[in-house]
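Some structures are shown below for you to check.
Each of the next two complexes has subunit A plus one other chain: subunit B in the first, subunit C in the second.
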Partner chain A sequence: MKTIAVIFGGRSTEHDVSIVTALASIIKPLELTKQYKVEAVYVAKDGAWYWDEKLKDIDLYSSGGIQDFLHKSSPVSVQFDGGMTLVKSSGIAGRKTARKIDVVFPAMHGTYGEDGSLMGLLRMANVPFVGCDLDASVLAMDKVLAKQIVASKDIPVAKYEYLQREIFARNSSEVLRKLEKALTYPMFVKPAHLGSSIGITRVTGNQELRNAIEVASHYDEKVLIEEEISNLIEVTLPIMGNETLKPALLERPLTKPEDFFDFDTKYLQGGKGGKKGGSKGAQGYSELPAKLSDELYKKAENTGLSVYRALGCQGIARVDMLIDFKTEIVYFNEVNPLPGGLYAHNWRAAGVSNIELVQTLVRLAEERWQVVKQQNTIFSTNYLQQF
Partner chain B sequence: MQLIVDSLITNYTRAGRGKVIVLLHGWGDSLATFNDLGRELAGGFEVITLDLPGFGQTQSPKFAWTLDDYAHFVKNFLDKLGVKPDVIVGHSNGGALAIRGLSMDVLKSEKLVLLASSGVRNTKSVQRNLIKTIAKIGKISTFWMPRRHKQKLQKWLYGAVGSDMLVVPHMQETFRQTVRQDIQKDALKITVPTLLIYGDKDRATPSQSIGNKLHKLISGSQMEVIPEAGHFIHHDALGVVAKLIKDFA
Partner chain C sequence: MGIWSYFLPKSPKILVYMLQQVEYNSSKFLKWTITLPNLLKVQKRQKLETTARVQLLLAITYSGWIFLLVTAVVVCLKINVLFGVLLLFLLPLFLICVLATSNTLLDLAIITPKEKREIARAKNKLMSLPATRIAILGSYGKTTTKEILTAVLSSGKQVVATPGNKNVLISHARWVNSLNGAEDVLIFEYGEGKPGDIKLLTDFSHPEIAVITGVAAAHMEEYGSLDAIAKDFRHIFSVCSPKNVFINGDSPELTSRIHQGRTYFGAGLGDWKIKLQSQDLDGMDFIMSSGKKTLKLHTKLIGEHLLGSLGLAVELAEQLGLSDQQIKAGVAATKPFEHRMQPYKLAGAQIIDDTYNGNIEGVRAGLKLLGELKTTGRKIYVTPGLVEQGALTRVIHNKLGQLIAKSQPDRVVLMQNSVTSFIQDGLDEGGFAGELLIEPVPLDFYTNLEHFVAAGDIVLMQNDWPDSYR
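Moving on, here comes the complex of A and B:
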């Protein structure tokens, strides 16, 4: 039986979202397959790693008992032995328990996880892992870089500017003047690297713009400012695959443009529509599949697939798009290499059960690994013999 | 929505149009306490609520704050929004904060509404001394206990004597600072029309002691005592409280 380590939590503003993704959408279905031994690896907010069966219980986190657990437990060690082995001290006469990991299932949203940091570590550890690789994760998690790459493939993006925190701090009035010259209100201000709508503000005037940049740069040293798309239909498309891609359903979050999904709406309040009905996943209340004309649906789906390929995504990702329903232009908005809850509700609607979803993602990780293993990264030389 | 105020990420809400009402929550609470009241008022007013530092989704202060620090924070928050409140409504410790802020002339408002306001500290001197004694004895007698057991015991003891000391564990020092601040002298300086609303079942800030005392100290103030309502009077008697505020504002 293969051992899969699900790594979640982490030093990110999306720490709590990651716990829910890992426990509900990954660990549970993986265990239901009865094909894998699943190890829960929790990365605390201070960056220490813990490995324990108890970490699979949501009550531990919702009750606040996690603090007590961390206080009692010793962090786990990770042994890089040509692969990856978890090692923890049992506390009895210094005995140690070790578990060799066959596949890693990263479930850490945002900084130090989804942004490629964890993928870099796993590549170095020489262990197969689920989802996008290092390069695609880095691109996907930098909203500015992602726009630049996607735009180079002639896929439309909203008009945007970006700035570094330092430059704004040094001369905010000049920065604001330039932004107002380049872009038209209303605008959205976003931290370049954060997901889950954290730190995002819609602004309609100078003072709001200044305040919003302050908020975004509190979270991130790089800030994206972009024009709002008129006549907006917001859609999102989960996709999985390495070479051959499988889209789920195009989903339309049912919000007004001035009332876009923030962190609260997405994760804390159970969606914008509350209990009015409709599909409710990590994204809240939505229309699934999005009610668009066949032509526009196909256009948006193709744009999503093109973005996935342009950014080199593998395994799974979710592409967010903005449609101007009058011009029928589909704009790329952003890509999420680890959709909250894997967007399992959407996959279910598309005919893929939670269990099939995680099984497929593990298979894709192993297939990619086979390809990676065949690549030559070392070769013999007589270079050292010269010395 | 968020703002940076005094270098702290500050969570707030803003809804409705009309005269501006700013709602200040109490200790260990958050802006969510005003969800229903805010909805009731937003029909005819612009309603602003915020999570005070250390509560809800606003960052904690970097050091232990007093009511004065909170008052300056609220002022800076309102300045940043470019808002001049017509009415400040403070619940419990939020009421004490409003009184202190207005008396220092840091906060400015046309009118003040105090919902089960605290701030009269000496009526609970017996209780405070009891807490101090428990804390001292507790420290000596539980030094041998594992930290987690000690924390559980502390929480139970403080709860048993009705103290909010451990409601927000990371804010204990700020709690000590704010409960030391008696605002009776500040209440004497309040000159704006003031409405005090208390519940007759409120045991945390009883109307007979705290409410009546503040009523006497604040010149020309009105006081309403709502039957069968407790400390969270805006939950227990939402419709009555909303109507009183609307009529007063």
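Moving on, here comes the complex of A and C:
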């Protein structure tokens, strides 16, 4: 039986979302397959790693018991032995427990996880892992870089500018003047590397723009400012695959442009309708599949697939797009290499059960690994003999 | 190494739970414990229901458990270590004997005399009530038929029926004692567990009308053969006129063994002709016609095999004087009963819960429906198999596998137990080409079903496998 380590939590503003993704959408269905031994690896907010069966219980986090658990537990060590082995002290006469990991299933959102940092570590550890590889994760998590790459493939993107925190801090008035010259209101201000709609503000005037940039720079050193798309239909498309791609259903979050999903709306208040007492989770307030004409639906689906390929995504990702329903232009917005909860609700609606989803993702990880293993990394020279 | 589980503090509680699972039948309990099963692996599905009887049995068993452990330790320390260890090893046997003996003594000294008094009082009351008495018996389909009759007749009469699956004598007596006397129709569901049960129930309720729903292999460990079951059913004719006994003609095993009474079929009964118009997961539209009379009827029930019972309900409604409008309203009021071809939506999939079905005829009907339904997703069939099939266990489950293969589901999920390999043989013989999953922990599957299904799937879950079966 193969051992899969699910790594979640992490040094990210999306730490809590990651816990729910790992426990509900990954660990549970993986265990139900009875085909894998699943190890829960929790990365605390301070970056220490823990490995324990108790970490699979959501009550540990919702009750606040996690703090007590961390206080009593020792962080895990990771042994790079040509692969990856978790090692922890059992607490009995200094005995160590070790577990060789066959596949890693990253469940980290945002920084130090989804942004490619974890993928780099896993590449070094020589262990197969689920989802996008290092390069695609880096590109996907930098909204500016992603737009630059996608635009180079002639895929429309909203008109945008970006700035570094330090430059804004040095001469904010000049920066604002240039922005207002280049772009027209209303605009969106976004931290370049954050997901889950954290730090995003819609602005319609100079003072709002200044405030919004200050908020975004609080979270990120790089800030993206882009024009709002008129006649907007916002859609998102989960996709999985390495070479052969499988799209799920095009989904339309039921929000208005001036009232987009911020973090609270998305995760805490039960979506847009949740404020009115609906069920929890943004997904409950989506149109699934999005009601578009067949032609526009296909166009958006193809755009999503082109973006996935352009950024070199593998395993799974979710592509967000903006549609101007009058001109029927589909704009790339951003890509999410690890969609919250794997967007399992969408995959279920597309005919893929939770169990099939995680099984397929593990299979894709192993298939990619077979390709990587075949790459030659040895080049014989007589260079050292000169010394 | 299950023997070690008897030394755990929770072992008395698990033993009492298993005694409750076999309905406090000491001999069944002893039969179950004869191989000393691992107590940590037997309680998978339900919890111990706390009653006065359970509390008393727990107190006795725990006292026995503590007594033997303390005695063994004292003997080890004070008398002889070997003898003390021997005593310890006798703990499992001791616990089982203490529990079975106290349960039997409880029955003899308190419960049986009390129940006899309750039954005598109920019988006197019942004979003084003016209501029409209807008995429903059979190896399968009793509860469904009872619910259909109750729903249809209730549109014009005050009808009450024995609740749930309370179908043994003492539960009938308690139910009768609770009646207010204003009822027009009383419907009794007769449960048969061993030869003689039907006679007992018949002598108690003296029905004027009876329905025999079918004969199939059930409780075969007690009956031994279908003939023995049919013989038990024939007691109904000792109190009921054959013209008032309705026999399910769609059960060849029944009609080949009982030749009296009036037969009813899915296609009709007497002068009535029944024709199914359409069927989907929202119900069935069907027409009943007799001479110039035609009734267009709709039910929320699903399963063509239920047309016979629906037709019978219409016939009895007419006999009892209900108008056509009342009959239509009554049939329209019939809807799926809990765990019996009960459809519901889950994670975009359509689930049909038929887990209270316990016989091969019900399985056949469910699989026929599954084969006929159209879907954009997959068809998934789930079963643990059928309990209490006695000597026919292998044959019945082999047949079950063949029936599954014939309905061509995309995926079959079998709950792992002693009959799984027989079903697999049947699947192979039937040329099943789909995906087969064998689930070692059934509760994992049933309680996490939403993780196994997706939109468009149709999942038919049939049969139940209580913890007292392996």
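Heads up, the rule we're going with is that the second predicted complex is superposed on the first by the 377 of 387 C-alpha atoms of A that agree within 3 Å, B and C clash if a C-alpha of one lies under 4 Å from a C-alpha of the other, contacts with A are read in each partner's own complex, and residues count from 1 in each chain.
In this text, contacts are C-beta pairs under 8 Å (C-beta built on N, C-alpha and C of every residue); 3 or more make two chains touch, one makes a residue touch a chain.
In this text the structure is predicted, and so the values were computed from the model without any measurement.
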With subunit A superposed, do subunit B and subunit C clash or fit? fit
For A:Asn354, decide between first (touching subunit B), second (touching subunit C), both and neither. second
Quick one: classify A:Lys28 as touching subunit B (first), subunit C (second), both or neither. second
Given the overlay on chain A, how many degrees, to the nearest 10, lie between subunit B and subunit C at the CA centre of subunit A? 90
Looking at A:Gly199, would you say it contacts subunit B, subunit C, both, or neither? Reply first, second, both or neither. first
State whether A:Ser90 touches subunit B only (first), subunit C only (second), both chains, or neither. neither
Just checking: does A:Asn171 make contact with subunit B only, subunit C only, both, or neither of them? Give me first, second, both or neither. neither
More subunit A residues in contact - subunit B or subunit C: C
Taking the superposition as given, tell me the minimum C-alpha spacing from subunit B to subunit C, whole angstrom. 28
Indicate the residue numbers of subunit A shared between its subunit B interface and its subunit C interface, in ascending order. none
Considering the complex alone, what residue numbers of subunit B touch subunit A? 1-4, 9, 80, 82, 147-148
For subunit C, which residues are in contact with subunit A within the complex? 347-348, 376-377, 439-441, 444-445, 448, 450-457
Subunit B-touching residues of subunit A, taken from the complex the two chains share: 68, 71-72, 199, 201, 207, 211, 214-215, 218
Could you please specify the touching residues of subunit A with respect to subunit C in the complex? 28-29, 32, 34, 347-356
